[in-house]
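Note that the chains are named A, B, C and D in the order they appear, and that numbering of residues resets to 1 at the start of each chain.
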């Protein structure tokens, strides 16, 4: 059991009587990319917000690397290594690309204000930040844009930068909120490759909540399909695409 | 507590004026997201118009009340067009601009009319004696006219096309503009109507108390408390807030003193902002 | 650290000024500029996290009343009273901060405005402690290392020292990681929190440091005037501090200093044109808001060729 | 013509905002005196003749502004003689400056703390309630025997408290009963709530004390409208024209007030004409006191033969008592109350408002 990274057990989230998520259980294993799909209103985003601590759970538990994180604040969860990216390109618009990534790395080390009393923290934070930024610029291919102001980048690049900032935090697991949203086809493919490389080259597990089936089936090892807050199926992409209930709920009826 | 009834009557009479001021304030905030610290100065300008036109030139008071309100309406629209347009949606910059406008208008009034308290001959004097209670006639007249203006405003907002457009913009400007509501028209209109309402209050209250360049500060403060009680941008909220403030203030000012009365009102404002920032009648 | 020398030299020049160059009255303005620089810097911190506090007039007042009362009634030495008063204000900020800082934008301004008014009205109402509307006359002069500072030059040095301390403090805050965190708080709080920053604690920390500086500025103001009256600590103090930052330029702490340098002497220089003083003050501000949103500092950096890093467009 | 030098006299007082009626009285008075002296070729002091120049700064009734105004006068304009301030809080903040810099100051402000045994350079240029209230209350007792109870209204500040304490003592000494003492914030205009409570106590007299004239008029009007038939009295800061304007002629009728001057005399009318040449009318009654003080000070400077040695001028200034003012003898006094003779004692009048005008009903001392 030690290779379970994220474990969701009998999770429920009700909004005034309506169960956005009802009694959901699943888990991710080390080295795996898990996709989460479902039609609008299936509870994908609610699930995402409950796991990241934005919304409190009504019932059930969420465990990360064996420790319960339900009810913790978003920054504490982030401190544990479960880092999220945003659906819309979320970057420090007025700062340079370099500074954006540097902050990703630095904020990882300082977290709480108590770092004032540990002088060493900032010093080695700065050292690692310098290396991390250089390496990530190289990894993501954003080196030539390093001095540009983030807000002036094209949307696709901004979204890429958002992911790179999260990587600068040296996450154990990356929780991606519709990485393909707002991207054109070529950018979606590039994003897909980036996600695969994140898992392969940097051994970071990924959970991505996504609509774009082409990307999900191409990139994910397993896919969890949701509908009305309940899990219809969790399986490898090939089987999910042909799973009758998933097709009904999501892909439209065209049984062969 | 034999004067309980008197306290209630005093409170209700001041409520109506507070509501008039608060409506203008909340309309401007609702539509422009601007906390209009210069709102009190609209009230002051109208009072000075009454002083100049009625006091010196001897025009008919009631005509002047309407004229000064309309003048303030135009002035408000011009202000929006000239100074506030670049700040729509940027609340903090808009607020700072409103403060700057307030200082400037006070200084202009000061240069033109000097520092002292001025008075205007009172169109209505005398008192109604209703049982133990004493109700000044002029305050009743002011209350009645304020009521008329409030009803007119309510009808305008509820039943006219522009009113509907304004309420749409209060909810969500972007969506409203998709449906053909043109903010370029609605914003100056909103600022104008807001200023006009304050103008009405100023002109009606001019003879009651004295007129001086800094007279706008107190009414603005009251409008500010009322709007927060009721909920920024909420019209029914402004009415409810006005009544609460009027009664509360009258109670404490009679039994203790005005300083404590103001402290209590501010205390409630702090509590509401902390626990229900959108106000009692949350939108 | 080459630029530190630049500041040390300027500081030395300023310190010597009153003895040779400045006529006595300008020394008085010098003292006021020093105090208002400290206060403008405290407001700069709040502007940086995007939460303008209108309670800073009351914080300044609490610093003044605290320091004066501790010297007059508990006859503590100046240094103890001065610091204790400022720390007291910071403690109050800590207590109310955790509640208030959850509120954002205009609602925060209105909340702190109401809170500030309640404090000022308490100064008026609680006559036995605060002396009512007349306030506390006869505030003892400060004394450092044993000798009393009564002369205007002494106050000038004290005020310059306070302003220098405040500038150094704010500058280091913005220089270090803390600066990056604080700036990110306002730029994009969700992103900052998602990177593991406990944004509530940092906002609270900034609010307390800002209140501490406001308390110190108030304490020195009280001792300098030898009189603490409630009307000096009302609603117009934070308004002026915001204006100083807007005109000086919010982007850098030097903006607050420039703002204080320009606005503090304005009423004195225009003294002869009594009524026109406020008119010019208002018009200058309107023009700055319309045409130079980044204030004078923004202008200088534009003139120096590189675009100011931050527009006020947030 | 002998080469003329300039003698600068400073004014720091409330020239705008609340209380500015009295600040402008000081400013106007010294400006009139200066014009007269300059018209006669200037003030001969020792072997030089001086043209008088008046520099006035506005403190807006605020302590902080008063300190910076006074500092500027003493240190920048090198002024040795200053008129003002009027506000009690402002005065307490500025007085240490006067004493330290040996600046002769003709001050206003009602607070008893203004003068004490070691006050050397500050002189109060107008009588306070300590001087005139007692005699007027006795006058009231004898002319209106049937009035028994008094309700006091005062502004909630240093001036208001001092006045409330003093008047309470005088009224009780003369056999009146104080039924209520109200302290009202300066910016309050709606007195209906507080009057509801006070009128229920059936006071015979409403004493307005040092409440500013405009506000006093509002209290008079609102009380009359609420059915108050009793007597209004104002033993503090005069300003009948503003009271009548705010209250209306008929409501203000019968108001008894301490009057600084008999406004019907030829001398007063002449002063009003001169005032109109230096400042915008209407002229406040206080101008009479400060006009006498201005002429007295200039004469003391002339006798002392020096514009710099303020100790010599001070000695002459105190020797000039009694001095014939435009309304009768004025002299220094106040030793028993303050421990020093720096309080001017002047004739005082009791005024009654008849159809909007103030008529003099009696003179005291």
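Annotations for the structure displayed:
Please note the rule applied: contacts are C-beta pairs under 8 Å (C-beta built on N, C-alpha and C of every residue); 3 or more make two chains touch, one makes a residue touch a chain.
Quick caveat: nothing in here was measured; it's all calculated off a predicted structure.
Common neighbours of chain C and chain D, by the contact definition above: B. A straight line joining the Cα centres of chain A and chain C is 43 Å long.
In whole angstrom, the spacing between the mean C-alpha positions of chain B and chain D is 38.
Per-chain CA centroids place chain B at a distance of 32 Å from chain C.
Chain centres here are Cα averages; for chain A and chain D they lie 77 Å apart.
Each of the following residues of chain D touches two or more other chains: 16, 156, 185. Chain A has no residue in contact with two or more other chains. In chain C, 124, 275 are the positions where the chain touches two or more neighbouring chains simultaneously. Which chains touch which is summed up as A-C, B-C, B-D, C-D.
By the touch rule above, chain B contacts chain C in their complex via residues 29, 33, 35, 83, 86-87, 90-93, 95-97, 99-108, 110-111, 224-225, 228, 232, 259-260, 262-263, 266-267, 269-270, 273-274, 277. On the side of chain C, the complex with chain D involves touching residues 23-25, 28, 32, 124, 132-135, 137-138, 152, 225-227, 229, 231-232, 268, 271, 274-275.
In the complex of the two chains, the chain B residues touching chain D come out as 2-3, 6-7, 10, 14, 110, 114-119, 122, 125-127, 129, 134, 136, 209-210, 212, 214, 217-218, 249-250, 253-255, 257-259. The residues of chain C lying in touch with chain A in their complex are 176-177, 180-181, 184, 187-188, 190-199, 201-202, 205, 309-311, 314. Listing the residues of chain A that touch chain C in their complex gives 52, 73-76, 78-79, 83-84, 86, 90-95, 99, 103-104, 106-108, 110-113, 115, 122, 125, 165-166, 169.
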